[in-house]
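I'd like to ask you about the structure that follows.
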């Protein structure tokens, strides 16, 4: 796998955008290895992800984005440039439940996630030993209603001291304050244990049981200030029956949570996600 | 397929129920061909479906239910007895959209539904010709806000005149009045075009699009007085992406609606469903 | 929905293709409304589907393909140009089972398929009445082992006389001879009632039952001379259990067959499919 | 969770079995908490799983099975009696790939598996550290074609010395010899990385890629002497597209393997599986 550049673009829909972007790459002797686009016909917004080889590109990396400004400004584009050999720095925040945390760590150790997991922040002490054994710095930051403000300040300090690009809430079970959310816009991914927008809030498996649904789900979304209302990255579901008690729904749901959070984190880390309004474009 | 009897039972959970029911069948020289049970450990309610051969049973059909009263009264049971060669009489109510209506009719014609479709009630005239061609009486009962009360009276008359056991709302798109709902308790099945309880009410595909979900669904439920709150019979879902506009969600959703409504109707007609509170037990 | 042009392209993977195609459209004052590409990194083949507005394009329709030859020849491209307001002519071939036939006809009548169904060819007489009632010419061509050669000659005559673009085998249950297959390369779609390559050949539901699988499937594929070996367009599956007898597998499978055949036919009719070797690229 | 007894029964289908079993439990003051049955109408075999409370049962545990012989012999039954508070002893065999191994260990540590993991046998040394850190004895038994006979003897010794009830091949990647398989009939569970019977043998993801399928799968099955032909416990699938290269199929498949192996192991450990011929009955 040689390194590539990834342009994530959005702009008002208009003629000639595709050609202009392709020409920019071609004119610098680049080669597009993957391109995908989407037009929201209602909002009239154009989105594109263009992945191109850096080898042979006739500009040094640090001049590409500036050079692209000629195209971006012409079309009123928001443009983000990433390089696939620059590994994002990820912090995982966990609580008592281990399944999402250890799943992500196992994937990371086996090379499946294109990122560096630089810290685990945990408000329960249980996982310290195993996390550290896996070679990841472990920061224990317990929280109570009384200490929440102080604890969040420490969380923010920790995230900054580790220079974190992405925060993953692996069943963290605490509602983040607006200050923390604003510090990482579209860079905090949460897993909610329901098929949103069904069963917002606490105890979604109990809610699902009480309603008697025949399918349960899990939703990975970016965290915004409104609880469980952030842009959805991915969802997954599984069938259940009248036999499934709340503990059984919880157990079945854990597998959904694990899978869907990993998929969402991977999509983000591969620079395949664009956020607009409360929605996402997730390129394949 | 020889005819069988089906006992649908529920009672407070207690010792000896399974043995008492099995003994009743065995003592009359019956043979259980299928039995399934469920205990709600929270509500402490026991449910059972027992299917047994009629051939060789030493009581005539019309005396079995009364004879079973000795067991039923001992355990405080609600007991319902059905025979699989007595075909329920079904009315389908439809509106402009044809997919659920014609799917059900095609299944019925090919012998897949153990029932007689005795009437189609439609508030749009479009499907008269094809329905009648398929040999089903077609009753056109248009409705406006002004004529709703009178139209519902005619609907009820029609259902009664055809001696209907089950009403299937095949995208009927009208909210039934309490009087009509009460006349057919747990005997009106509706298909709602969302994964309930998400997107209750009108335009669920638009709601789904606005929320940016990655999975859409459909829900078959018994109709109760509260809109979209009746006991869920079955649900189905499919993945969608940012590419799917509202018309595309609608088209994909139609396939879900068709499948899940047919499955729910079939479960009801095979006497596999018990309703309690706002939930169902659907035996396999 | 205004008409658009669709270019389906494939060529050896090389630099500058994307830019050249985009430039061609832009240079003629065209507007790309959707573009999707794929590179097979093993075979080093590039594939692209480009959909562009015809309104405003500065060439008349019948000159576009020739004008594009400058691009196509430069890159060694295979290029196919379609217009979305030219409706393909479809013939459906059926046998005794009605589910796929009537599903496709219902979709067609409701405007879901961008095509004209110009004929139904059937080797059983059962569906004549309903097909004709739906306004589609019905051609009854019964077949026996002895009359197969003559019957296929009539099939071919019929397809030609109706100027058919796509043949859909809706559970036709006869193996077509090489002559017929060759006359419609990548233009005959079959539904096989298994998850290919499992259970090739006859009685796949019985094979599935004997093997004790927990999931069954259906596969839509282009017909080639080798039985059940043609390029796969789409597949779908559903869970089954030990309870499912062969008739129940058959019933559950019918829903899969119906859905997956309709999806595959739709993909073909929307010009989203490219075939190479025994594989397909199906753009979204 | 109080302890229960589980009877797993099979016998030729005949009248009165259900009543006789229920009477046996009731006559000893037992209470059936769950019962499920199945009749194979083709083979004419009856299967049942009956779970009953031990508290209050008027026989000591070690006399129940002998007392049940009166029923078993009358109906020609094969009968197996388990107690849910007797935890099966499980050995996991692994190779280089960690995903199934660590998933099972994580589930076991969180209390999800009703079993004791008593040993990990590994032919690669990589996982020693983490396995031992999790508190499980780790036995490194490397294997080459030349040492295979000797290594298998050591494997068998190890399994016996740990008094193992169930062997789980967590992507072990070695074909077991008949001697080892015979020592654990229906007690070795393997995960095969395809949707069996498609893609038997080596490199199923490459085979799937070459065939161009649109869905891939994984299959958990009991190991028998015939490669990949043992009774299927569970299967799972996921959609793929032309975009998925062999490494991507492999990555997506890992999630399937993990989930389906865990589900199958759990079903076995909960005494919900009966094997007959090359099939399984898996009660819910």
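In order of appearance the chains are A, B, C and D, and numbering begins at 1 in each one.
Here is the rule we go by: a contact is a pair of C-beta atoms (placed from the backbone, for glycine too) under 8 Å apart; a residue touches a chain by one contact, two chains touch by 3 or more.
The model shown is predicted, which means the values in this text are computed figures rather than measured ones.
Q: Residue numbers at the subunit A-subunit B interface: does the shared fraction exceed half, giving same, or fall under half, giving different?
A: Looking at both copies, the contact residues mostly coincide.
Q: Could you tell me which chain lies farthest from subunit A when each chain's centre is the average position of its Cα atoms?
A: That would be chain B.
Q: In angstrom, rounded to a whole number, how far apart do the mean CA points of subunit B and subunit C lie?
A: That gives a centre separation of 36 Å.
Q: Round to the nearest whole Å and give the separation of the Cα centres of subunit A and subunit B.
A: So the centre of subunit A lies 41 Å away from the centre of subunit B.
Q: Which residues of subunit D are in contact with two or more other chains?
A: 241, 243, 284, in rising order.
Q: Drawing the touching chains as a network, do you get a line, a ring, a star, a complete graph or other?
A: The chain contacts form a complete graph, every chain touching every other.
Q: Which of the residues in subunit D end up touching subunit B in this complex?
A: Residues 15-16, 18-19, 22-23, 25-26, 29, 31-37, 39, 239, 284.
Q: Which positions of subunit D touch subunit A when the two form their complex?
A: Contacts found on subunit D: 97-99, 102-103, 106, 109-110, 112, 129-130, 133-134, 241, 243, 251, 255, 259, 262, 284.
Q: Considering only the defined contacts, which subunit C positions touch subunit D in the complex?
A: 38, 40-42, 195-199, 211-215, 217, 231-237, 241-243, 245, 278-282
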